[in-house]
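Heads up, the thing below is written out as structure tokens.
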């Protein structure tokens, strides 16, 4: 026992000597990554005045890589190729000219099979997916879930009614994003409900699209809705059309439609950017009932001030479940709500731990979030 | 000659600028003309651009110079052609294959990206110790972040009636949303005015040479 | 069957992407980049569908002499013009069917395609964008009205931030002593942006991301399939 | 219907007022100064305290897309340096840089005070060199090796102001007007950190926060101009009603107008409500 203690003592003295005294410069492969980064670390005496780190290029000539700010002791060299050896050297100038130092180090990049810092990320993915799938299955087995009122959606019927009364069309803009954007897809499932009702009321529905793939999908969705309503004779393909890929060209075209066709109800649902206010203000000037919805938080204020009803963030994704009362969608919504509870609990626990000075939870999550 | 054509170009730009501005008064022939030219030009621009910037360098050039080395590119090539089958009703079903691959992939990418940066990162960023500093305004601010985030998330809780005591956090959440909407609106004013300044600068400087 | 294969494809594609996120080793590590290139190609082909729709709509308006048909004719002409220019002389450094068009460049100063872009599309786009300056003013005039508690919050925070962003706000409140700095308008505006605004934005982001996660999952699992239309 | 017409007219009035609020300050500059932030003052002091005859270098590391924000800084700094009897060298790490430099010199010479400034004596435009940091490093050993000729092909030796200049150490100050990379960071790392020449910089408002950490006690960056507001502050310091000042004026007037509109909108609603109350009373009686 005593011997072990002695050895430990000597070891610790040695390491502390190393740490305090001798300057140190190391390079090592970043673990658990795709082999694209090397971590450089250094420890230098306090008398060092200026520092520069250099890296050998393909001709073995050292080029400046990085000049650390005062107090920095590490650097991650990124965007490297895997399975390659990289050489570095550290050049330090002391306050007196004779005091300069030159240290070199090298390391090999290596590809791994798992990103360890993504563990929290994978766990969250599994928990959330499991919850959503669980509730979907429960709903399919016949369990009923409650959904609170979403005022923006109760107006939909009213809007279609108004359009029918006036004999004017309905305008539906599925956002300005590509089909791959989930907001566009959510918008299309709302369109499917809306087109079904419009078919029932025998009211025309106009859908301008910014991208060809959105056009294809929108046509499928509306045609299917008319078919379901038993009105496939009334389906008019040319009412779902493409204008242009250009953001403002698309907006200019829609503005023209709004002032000339004067739709009685406008729906702007999906991903919107700067054009939100242009569309909503133009629509307001014709006196249409306007319903908008987007998850792009920075555009919400503009819809809120110019539209009659606005679906805020998640409400856009909840809309389709709310309108259709389809068991699978309602179940999925219940799963999202489980996620919200989890988030609230995590935040409360996290804040409590932080106040207590314990921060492993935050660090664990941060690793996944960065 | 290029100088004259440059001037012609500026006059053209000025004409289109006025044509679009005229929409603010009301819809009129100038706006209708500018709008339709805009749609036509930009659609044509998109076609040419995607041919020169995506199809030629990423596909045709690679296949033409090294066909056997780029065999894998035949997959997107065929998928792209399948997209076009939509124009022929009989083969319309073929376009569903590329469509479903694109959507399946995009859905997975969105799922991962939003889980990471909008869920986990935001939750972690909210785990703060409000009493770390001694500055009162910062303590209040940090408490606001914690309470506002929790109540805001609760506002979006759909599967429970928000009545009685359960209504309070939801109301607080709405108050935070309103403050945020007002602030975002106010913050955006400067950027929007800059756009107009840019257009007027074009008219006054490049076109009329009134200001330098 | 015609419907099941696409659903299986969507499922496999999604699963592969998720795997590639967590596995840093080849062949998974650079899958996202590869697929992004592929999508550009697929989107490149599918633009034909949109253009067919655009031309068909315009043709219909022109041939039936519908209202405003003349304007639709100008749309088609503009489209044809820029496509021909791009095809003949190319854009930027890219040669077209007639090469680099040195002669026309010496006359026009640029390639015709680039000339049209700079002198027609750029001003059109920038002016359309700049309409926002007017709309933001009229929206402020109409919407920021003292009514309910909620709408008052909306208005007050907007006014504070607008004031805080100009020299005017600094002038109004610079008399407030340093110890009560927080009540100086620019400081207060920053406070609102940094704290309550961040809180609300975060709530929107977090809950919307749950919606996106759920919808994506439903798509990958083939539960959500309205984008494929019906069985035909 | 009548209410609809009146709201259409109201909207047109709002649009027209906003148009005037932006247009008039551009035509007739007001010159409202705002408080000068300390980092802008540092940058100003660097040039202000350089003795006459000193040579400053401005690196034009931006292109046409950021001209609105950055060009006014270049013009103001050139005028400032000239007014102190200094000479200015223009270089560029971005291909469009030399063009931006030529425009800026031309603009500065439009000021009657500087119309006699002579090329080669008071300023030179050396041009663009590819390579970013490597170029800056090479300038550390010799200017003439990197720039045997200037941007218009004149030999180094025919330009009198360059006679005694060997390398970066011969400069009194360096300013990188930078819209991205390569740019300011390279100048800080080589020109300041290695050769100890004071470096200042100008960036867009968006990227300014990223550079603020370099304004530290080591003096890696001597002051920083971030965006149009900083440019207008600089113009105020040299007593000039320049383009940045006019644009900031237009911003301020438009902001005030919007506040006035919000007030007017509230008064309108209040009056309408009061009228409605009065009307009900009349009918009741």
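Structure notes:
Letters A, B, C and D mark the chains as written, and numbering starts fresh at 1 in each.
By definition in this document, contacts are C-beta pairs under 8 Å (C-beta built on N, C-alpha and C of every residue); 3 or more make two chains touch, one makes a residue touch a chain.
Owing to the predicted nature of the structure, the values given are computational and were not obtained by experimental measurement.
More C-beta pairs touch across one of B-D and C-D than the other; that pair is C-D. Centroid distances from subunit C, each centroid being the mean of CA atoms, peak for D. With centres defined as mean CA coordinates, subunit D is found 29 Å away from subunit C. Chain centres here are Cα means. That of subunit B falls 2 Å from that of subunit C. Centroid to centroid, with C-alpha atoms defining each point, subunit A and subunit B lie 13 Å apart.
In subunit A, the residues touching two or more other chains are 121, 125, 128, 178-180, 182, 185, 212-213, 216-217, 243-246, 248-249, 252, 260, 297, 300, 302, 304-305, 312-314, 318, 333, 336, 339-340, 343.
Shared contact sites, meaning residues of subunit B that touch two or more other chains, fall at 20, 23-24, 32, 34-36, 38-39, 41-43, 45-46, 83, 86, 99, 102-103, 105, 107, 109-112, 115, 119, 122-123, 125-126, 146, 149, 153, 156, 177, 180-182, 184-185, 188-190, 193, 196, 198.
Counting partner chains per residue, subunit D has residues 11, 15, 18-19, 22, 251, 254-255, 258 touching two or more of them.
Across the interface of their complex, subunit B is touched by residues 2-3, 5-7, 9-18, 21, 32, 35, 37-52, 54, 68, 71-72, 74-83, 86-87, 90-92, 94, 106-109, 113, 115-134, 136, 140, 144, 149-151, 153-162, 165, 182, 189, 191-210, 212-213, 215-217, 219-220, 227-228, 232 of subunit C. By the touch criterion given at the top, residues 10-11, 14-15, 17-19, 22, 32-35, 248, 251-252, 254-259, 261-262, 264-266, 269 of subunit D touch subunit C in their complex. Touching subunit D in their complex are the following residues of subunit C: 133-134, 136-138, 140-142, 144-146, 155, 158-159, 162-163, 165-168, 170.
Across the interface of their complex, subunit A is touched by residues 20, 23, 26-27, 31-32, 34-36, 38-39, 41-43, 45-46, 83, 86, 95, 99, 102-103, 105-107, 109-112, 115-117, 119-131, 146, 149-150, 153-154, 156-162, 177, 180-182, 184-185, 188 of subunit B.
Put simply, subunit D touches subunit B in their complex at residues 12, 15, 18-19, 22-23, 26-27, 68, 107, 110, 243, 246-247, 250-251, 254-255, 258.
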